[in-house]
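Chains: A, B, C and D, in written order; residue numbering restarts at 1 for each.
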Amino acid sequence: MPLRYIGEITDPIHKNIKFTLVERELIDTFIFQRLRRIRQLAGAHLVYPGALHSRFEHSIGSMFLAGLAGQTLLEKGYLDSDDMIQNLRISALLHDIGHGPFSHLFEEVLKECTTHSHEKLGERIILDTLITDILQRNGYNPITISSLSFGKHKTRFLNEIISGGLSVDLMDYLPRDSYFSGTEYGKVDYHRIINSLEVTNSKKLGISRSALYSYESMLISRYQMFKSVYFHKTVRSGEVMLLNAMKCLNSVLNLTDLSSLDSFFELHDEKVLGMLCDVRDPSLGPKEISYVNLAKDYKKRELLKCIYEYFSLSRQRQELRPDEAIKNTGEHLKSDKKKRIFDAQVSKLKSIIGKYQASGEQVFLDISSAPSIPLAPKKEEVSSIMVVDKKDEYEKSFDQIPLIYVISGYLDMIRVYTNKENRKFYETIIKDSE
Amino acid sequence: MPLRYIGEITDPIHKNIKFTLVERELIDTFIFQRLRRIRQLAGAHLVYPGALHSRFEHSIGSMFLAGLAGQTLLEKGYLDSDDMIQNLRISALLHDIGHGPFSHLFEEVLKECTTHSHEKLGERIILDTLITDILQRNGYNPITISSLSFGKHKTRFLNEIISGGLSVDLMDYLPRDSYFSGTEYGKVDYHRIINSLEVTNSKKLGISRSALYSYESMLISRYQMFKSVYFHKTVRSGEVMLLNAMKCLNSVLNLTDLSSLDSFFELHDEKVLGMLCDVRDPSLGPKEISYVNLAKDYKKRELLKCIYEYFSLSRQRQELRPDEAIKNTGEHLKSDKKKRIFDAQVSKLKSIIGKYQASGEQVFLDISSAPSIPLAPKKEEVSSIMVVDKKDEYEKSFDQIPLIYVISGYLDMIRVYTNKENRKFYETIIKDSE
Amino acid sequence: MPLRYIGEITDPIHKNIKFTLVERELIDTFIFQRLRRIRQLAGAHLVYPGALHSRFEHSIGSMFLAGLAGQTLLEKGYLDSDDMIQNLRISALLHDIGHGPFSHLFEEVLKECTTHSHEKLGERIILDTLITDILQRNGYNPITISSLSFGKHKTRFLNEIISGGLSVDLMDYLPRDSYFSGTEYGKVDYHRIINSLEVTNSKKLGISRSALYSYESMLISRYQMFKSVYFHKTVRSGEVMLLNAMKCLNSVLNLTDLSSLDSFFELHDEKVLGMLCDVRDPSLGPKEISYVNLAKDYKKRELLKCIYEYFSLSRQRQELRPDEAIKNTGEHLKSDKKKRIFDAQVSKLKSIIGKYQASGEQVFLDISSAPSIPLAPKKEEVSSIMVVDKKDEYEKSFDQIPLIYVISGYLDMIRVYTNKENRKFYETIIKDSE
Amino acid sequence: MPLRYIGEITDPIHKNIKFTLVERELIDTFIFQRLRRIRQLAGAHLVYPGALHSRFEHSIGSMFLAGLAGQTLLEKGYLDSDDMIQNLRISALLHDIGHGPFSHLFEEVLKECTTHSHEKLGERIILDTLITDILQRNGYNPITISSLSFGKHKTRFLNEIISGGLSVDLMDYLPRDSYFSGTEYGKVDYHRIINSLEVTNSKKLGISRSALYSYESMLISRYQMFKSVYFHKTVRSGEVMLLNAMKCLNSVLNLTDLSSLDSFFELHDEKVLGMLCDVRDPSLGPKEISYVNLAKDYKKRELLKCIYEYFSLSRQRQELRPDEAIKNTGEHLKSDKKKRIFDAQVSKLKSIIGKYQASGEQVFLDISSAPSIPLAPKKEEVSSIMVVDKKDEYEKSFDQIPLIYVISGYLDMIRVYTNKENRKFYETIIKDSE
């Protein structure tokens, strides 16, 4: 039975997004409303003042796209019934429900201080709160929703609709981040890509040849957004400050105490920033006081300076087909060599800076593989995506197709940040080490 | 001497906005950075989730437009030197510096509980804080800036650049509010309007005939934004809740204690919402507790319902030219009559509802002339704006030009809001009174 | 059975427009391809150089919107099966198939010189060419298509989808003309309007209350496009030149000889302009030679001047409900009076100018009711459109709803055009007559 | 003295473009008006129906950007006075004045049948027609204008403003072609790029480091537009048909007889298409008749099929700095090898197909280096562009900057087209040759 919509939401990206009854009930919970206060991009607004958009809009936009993707797969016969469409929409709606304040930054604190992650939190929320009741009362299985939301469904291509290199997550956040930041890099022809979705023989999500250019464009967008927004030098400065303040002061503030979810639900960007700035525990040591000041500086946008930057570009290390293994060896090796050089550089900087940072000095290493950065252009999605060409009866992974091959490639970066006072000192010791 | 720009900001509305040294110093103060946490539209995001943009971006956008306006007036010989351009830009940058949490809502609390206004606060900030030092150190007169920012400069047309029906304020916020809310109503061809600016013989700001259609379009946009965003039924529901919670709990929270500016600078939207929800004073009476709950409901987006709505449309009451006074009398009177009917309706509702509200019941009257609503389409700007036609040597006020006349007109509205529990009760007593 | 799409077309307005097999066969005929060479707006590119778009794109765009409208009506139960959707799409695709060179201008020549119209030509093309064969071979009834395309289907609301004040025709051309001309006036939220379509008890097409603002916006757009594009002073100058050259030289060129359609199919904008400029018949009289020169001047964009302009604005003459008949009489009469004054003015100018024009002088009267102007804001559609409000169980015609009432209204205009040489002469005799 | 503008033109790309008196006089000539009938992209509308835009709008848009570029260079002290700005604007306005019907296609016919080019024709028009008179009467030197328009001015960076990889030509046509075709690939942040223009020590045009990402984006846009529009398989099919019909029938039609310019000025896209279809010379041989039919097929959009396609991607062959010569040898050689393979493939196909084509068969080879394709991503501009970094006092050519290096690269393509009848035959002989 087709979905029955009961209302709609105005969204700058997808215009009018319709919702069903169960979707409205979920959106209306205070658990979901909370996402209005968690920005999609923790620190991007420091450079792009318009980038104040939240996980709330992104979740609703992802729900919309998940519906389109489901509809395409239904029409092409990959889904049996349209029940799955509502499941996909709900899963997309809830895929970020476990995110905490400052999204990926909190995630990194979680990873360091607990055994949790936003996915685990999300599972818990879907399986054990009033969200669970709403799902059940409306006839949906929380376990199905949770498994789809967090990549654990037994049917691989369904998981890939929600997250990964062809996901509605990516197709919503690229244009959305671009729109609100005012950069023009994130245009994605998601209608065409979604219309072209196919399922390969091995049950992976793929696209048909007709959308190859649009997919290529999306890869380019991702690369440009990474450089100009997600890993922007000043944006990351603010994020490094927040990240380290949270890590350090967590022992006092217990941000990651998840014994009950109630206190977690109270946390949001501005609230936590306020908490970090207001710590007044008399027993604070000098290190902690220094990190309270870091948070205060962040609030006034007095940011750390980047004193060192290193870029390394190399081709995508692809899993070669046997017949190509020999002739390509040269490039393969070259790429490996670059990777080794980069890793060595990271180790060296860590050893130089580590002891100062440990003693409470404000000097930080930032690497493009940090978990707090959305989708650096070197994660593994690209090489796993398939082009399905019905006519020629072949399925290829993307990086074996020349046009994509040219633009894909690792982009590794390292940066060192410190405050004005210590700038000269660290510049000198890094220089001396070279 | 032309302005010397030292950097630029990416803005979705005006693309790249350049700034000068003094502008950067002003923007970098914590006083100005504070505007990042005060939304341009207090409650619009409840209906248009993207509308999270802040006074920070709007102030910078206004600065940009003020520069364009100044440049036009300089080129047409209405300004003597380009020194005034920097003054205009700074004044536009600072015209909202006195705004408090939830912008116009706080303004209404100020008006009720103090003798202050955001303009007075703005003056104080420009004349007596580190902003003052920055201005003086860079060679600008704080008194000039303050008078321009708040409509007190001796040269009328300079004031009109900053605020009013042809101002950069309006020309920035209409397209900005439209962009972030995702409505398509706020398109303004501000380039054309600004290029067409003229100064009339009586030193008022006017536009040349060539921009008449663009100006007409802007009037239409304003009208559409008013209806679909600023005075939207659900948007106003949230705002009425915030407004009344602030008014009631101000006695406990001292939000409007402006004896020192330091505490004022700490206030912002999310902070104040947190304060309203967290009041735990043991001496709170039942009325106060009811308003704490009102704030908590707002936070969860459990909004009051609109149970009554009344619209009244009438022509703009224009100041007639003597030769028209007689033949138009009919329409003039009709308009006056409508106004009287409307005013009577307001009085009646106030008397019905007043006693319940006074006793702490959650029932509220909302009128389109509330100070917390931006620019309802009945304020006086329209009739004061002049068209300058060099060739025909005439100056007309806009409402004497047929095309504008057709679309201008008063739009008065009243609404009554209450909570679910009391809905039936108030619906009945209002109905009975008719 | 849902439509089976076999390909898609990239369109700046609707992005990717999918088409079915029968649609591709129709589009691929030389009869339809011919529309690529007939501009949507005959002379608008003289002022807005980008406005070179053709009936081809508009027809395909209308087909797309007709599909959306059909889908909405199907989902709401107003259509029995989705067969009608394909019929509606084809009818929209072919609704302009009978248009000749310069669209509405040729239409006006047809009306003057023959008993034909583009609708009659369209019927003939659908019922008696290879288009007919394609329809039949694919299982569609040419008579059904033709009746839908030209407003003759027995079910009123189906006709109204194709043409009229709520039609896909209007909803496609307003944003399209706006996009290509570069004006920002034609934004139409057609998704919302189409989603809100309803059928009234009397089988008329209506919209639900939720789309009232969007519909109001579309009315405003129409009004703005009329003034700034369709009836723009200079645009009409070029169109008046083409129109009169075609009328005069038709006797030599036989443009309207429709005995066989083959020669009609050869005609397109640039071809006819070439023919008008190249007439070299030795028997041409001085009047004809003068009109050949008029066409040559058009080609070089040496346009006639507008020497007189008269605007008349009045309220929509609505059919009053009985209970309003008395109190509104005043305005009703006033409106009638304005109309009489306007008509008198037209008669007077005709009598002044007529004899000169008849003797071959280049002096022309242009009235906003000319058939060659798209949708002047005074045609009858507005007052016939219904708002359907399920909850309150009422149906209202739009002009009884206050907000629409305020902006609707007649806009009558007259202009006189002549060449530079005679400018002074006609200015004087018109002035003397006043 | 700053330019004195007397009017403005509405343009979808740059909004309101102002013009001066001399510019209006030039635009108003029939020689310039002629560009309204020459499409910017000869065949793109066959696939992207909206792409009907003409050289007229592009020329005016280029004039606008040339003014911005001149203004930037003046403010940075690279120009002595603002006189040069008007010269630059005029030169940009006229840089395409020598283009004939179907732009680059006619260019290719010219190259094959004459010693002319559109540049030579442009020079002649600027130096010896009424354009010359207008320039002189307004105080501008036709020789200066002509040399700037066609890259012959003694000051290298001035030439580079008008044409080349950083030119206003490119910065206008990429977004314009994208806008009208409805693809979203051609977004160019030309404001930022133009604001960043610098002149290197060697008097070449460069950009400052701050615009590196924007420049990189433009390169990506160019690449995407090349693939999706300029060298689109079906677009090129139509263009190959037109090109070969013009080449073959030129002997009968004398399209390239430039003894007098009057007949050249009569030619435009639709006119020439009509001429090609209407050739009725009784002495036509079978080959000529076959090409008349080719033109007729084009008109009906019955296009040739692509039966063979070959892509070759390789890195940009850069001019290495001496110190890099050794370590990069490997990649250098690899690139050379790919080029040799590609060239060999072209030769082989030519020898296979050549004799059939010579005998009048409709089989054609299309290579991405054809002069009728705008800016394939392998022309030399990229490697000649400089980044100027004031702080670090270096100037680098772009391809030595890692990020650009990654995306630059040769894209060579070959295609073979033929008609449906012969499809199988040529497919077989090409296959057999492999």
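Observations on the model:
To be clear about the criterion, a contact is a pair of C-beta atoms (placed from the backbone, for glycine too) under 8 Å apart; a residue touches a chain by one contact, two chains touch by 3 or more.
Keep in mind the model is a prediction, meaning the values are calculated, not measured.
Comparing C-D with the candidates A-B, A-C or B-C, the pair whose contacts agree for more than half of the residue-numbered pairs is A-B. With A-B and A-D as the two chain pairs, more C-beta contacts join A-B.
Computed from the mean C-alpha positions, the centre of chain B lies at a distance of 50 Å from the centre of chain D. Separation between the centroids of chain A and chain B, computed from CA atoms only, is 37 Å. Between the Cα centres of chain A and chain D there is a gap of 41 Å. Residue positions 15, 189 of chain A each touch two or more of the other chains. Within the complex formed with chain B, the residues of chain A that make contact are 9-13, 15, 28, 30, 33, 36-37, 45, 47-50, 52-54, 56-57, 60, 179-183, 268, 270-271, 274, 299-301. Looking at the complex, you find that chain C touches chain B at residues 184-185, 187, 189, 213, 216-217, 220, 224, 227-228, 311, 313, 330, 402-403, 405-407, 409.
Only residues 2, 15-16, 75, 189, 191-192, 195 of chain A touch chain C when the two sit together in their complex.
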